[in-house]
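So, here's a batch of structures to check.
There are two complexes below, and they share chain A, which is joined by chain B in the first and by chain C in the second.
Here is the complex of A and B:
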């Protein structure tokens, strides 16, 4: 996500009204083609209206097509969707093939797809399939038959060595070393 | 800013004069644009927030084409007069009659048909099909549960949601815009009635299945219907289905007498574990355990088999009452 997308609307890919579970309903409900009758920038739009518009309307009886000529203005496509969204698209200097492709795009989406940042490519209403965690989840088998209070379970897991214990250990080591030296001296004397 | 722009334009012109002999004036934004826009914005602010304009009042609007497209979009064939009637509200029809009477039109041409009788018919059809569908898909759920789920599906909010997503918001002829949830719901029921009149009651049933019953898809049934006293209901169900006497037992607890206490309770009947649940005290733990048990008895768990929205119920199984 770059800085220019900070204020872009964000969301998840969703089908409105469980579309396709029962039957598929084309989400584009009406399309308005605005163009100028003699300006050069509307050339492609005029060609599209002349050659393809009637076929488009016949193939898609569920989409209402309005054609609106206006003087000296840029050609424009306006799509209105069933979920209340409206998409405006400038078609200045576009050829009729380009306009056909844009109209096809409007037909297959449910709102302006380029003005929505997808947070993820998938969505689920139930993120956890195992439910909330409880202390009783995944208990170890030993803890099943445990009787409390128990001395074994009451001990802390880690007990650091105390100073007294350390001293005793040091003393024992010294004794051991001293003992070895004394042994050596004894051995020498015996050999003599 | 405008001074800078004009200065830049002047410099550009000087350059052009030096380079070529032809003089070409640069085009700027006209001086009247900014004050006009400012004045328009000022007037708009003075007026305050305005109500949204009805789409049917726009220049590019053809009611007949819209009605035709409405039917085709849903893959149904309507009689356009019936559909027009389904979208005409009673209050709007009365107002229209009043207007015509004032214009001096004869009394015989005054009648404007409205959608109240179609809506009633559609309501009966929708209720009958939803009940039959639920009975078929949730055979183990008792009557009150089915009633609660059907009431959710046929509630004004659900119907209005469906109706507005089928594009009837712009088509409804009502005294107010945007139409209220009630009028949206009523128009959807009237559309079902009009469909039954135009292409038979079977098509109307399929319409109800595809657009109203599918609202149950991925819906948590516990959100729609939670029994008031689950343990009592479980005991009653156990007695009815002869599963033995339901008996809650403590399975485990931890942190007793602390703020983080947790209890796990299982409900047994005839030495069989019906369901288990947990909670911060014994009462809630027993309740959740009872709900869990009921869910497994009624087969309404989250991981149940999903609803089959492609079934065709036989018309004789749907009781129109």
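Here is the complex of A and C:
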């Protein structure tokens, strides 16, 4: 069942030997095709060897291709890589197209496709260029010198005016108006 | 006939209201910032053109400083946020990025990632709205590996229903090495409204 992942190795994406920094180097060095000359299970392999193998070898001069007939055994693909790994793959009853697909996969891989669970889809040697973020980044110096607990900082940003405050304001306005009226009256009297 | 004329008049009367309602709906849908959409006349006391000019001057000055730094090649290492196969990656030269799922490029292909959302160096950042002008920042990458992921188990079970399915699957992965990030041409303070007609997307 799915407990197999308990023992599955996990890792991070890596490319061997800085591959692709200057140019791309194909990591597959040798490929061996083993098949039987008369068994039905290696018919697809025989077709592949007849139709596509020469083209494949011409297209990829860096890969050594071995073909190994053997009696009454299942067809097998074996790839050997620059890092010394070796991938063995059974191709029993596979068609020609399937085999060409698997060969392509062996060619484009960097090593044997070991069951490695990737923890990240990204790898970098330089994690930060402008410096890592901190909570004090781009903050005003006042907020950094703030001493807690402070009354100003603990207030909510927007408080609606309470009824009492409104009443007080109205009362003050009235008083002001009354004061102005009184002033006017006084001025009039003075003028008289 | 008179009845028809009446209905037409009613419709005509309704039209201005409707158009305003539609405009409101469109305003809520559009992406451009809110301050652009306010159709109120601005207060007369504030001279907007002068402020805009000041802003433009400041922007141009900043662009000039960036250009000077780039011309002297003192900008150091560049980084960029690129949009790749539906995901966004922060990349810098030498990085490895993995693309999940089927993706046509094969190993050894050198590609340039065109959807650059943001580019930056130690002292400056260029932010795209949503992407930078095409051709301003060139991000080059090489496809390093195409492989399959580990075998993922897809297990379903319904209790007390004699139902159990187990499926295995491996999805294709493509590994990309970021080779270089460069500022292709000097930064100018103009808006990115003018687009080259060559691009289809």
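As a working rule, the second predicted complex is superposed on the first by the 121 of 192 C-alpha atoms of A that agree within 3 Å, B and C clash if a C-alpha of one lies under 4 Å from a C-alpha of the other, contacts with A are read in each partner's own complex, and residues count from 1 in each chain.
Keep this in mind: a contact is a pair of C-beta atoms (placed from the backbone, for glycine too) under 8 Å apart; a residue touches a chain by one contact, two chains touch by 3 or more.
Source: prediction; values computed, not measured.
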{"item": "Touched partner set for A:11, first chain B, second chain C, both or neither", "value": "neither"}
{"item": "First, second, both or neither for A:26, with chain B first and chain C second", "value": "both"}
{"item": "Which of chain B and chain C A:136 touches, first, second, both or neither", "value": "first"}
{"item": "Contacts of A:105 with chain B and chain C, given as first, second, both or neither", "value": "second"}
{"item": "Which of chain B and chain C A:63 touches, first, second, both or neither", "value": "first"}
{"item": "Common interface positions of chain A, toward chain B and toward chain C", "value": "21, 23, 26, 125-126, 129"}
{"item": "Contacting residues of chain A [partner chain B, same complex]", "value": "16-18, 21-23, 25-26, 29-30, 32, 61-64, 66, 68, 80, 82-84, 125-126, 129, 134-136, 139"}
{"item": "Residues of chain A that touch chain C when the two form their complex", "value": "1-2, 4-5, 8, 13-15, 19-21, 23-24, 26-27, 105, 107-110, 113, 115-118, 121-126, 129-130"}
{"item": "Chain C residues touching chain A - in the complex, by the definition given at the top", "value": "76-79, 87, 89-92, 94-98, 100, 106-108, 120-122, 125, 142-151, 153, 155, 166, 173, 175, 177, 179"}
{"item": "Parts of chain B lying in touch with chain A, wherever the complex brings them together", "value": "55, 59-62, 65-66, 68-69, 72-75, 161-162, 164-167, 169, 209-211, 213-215, 217-218, 251-252, 254-255, 262, 264, 278, 302-303, 309"}
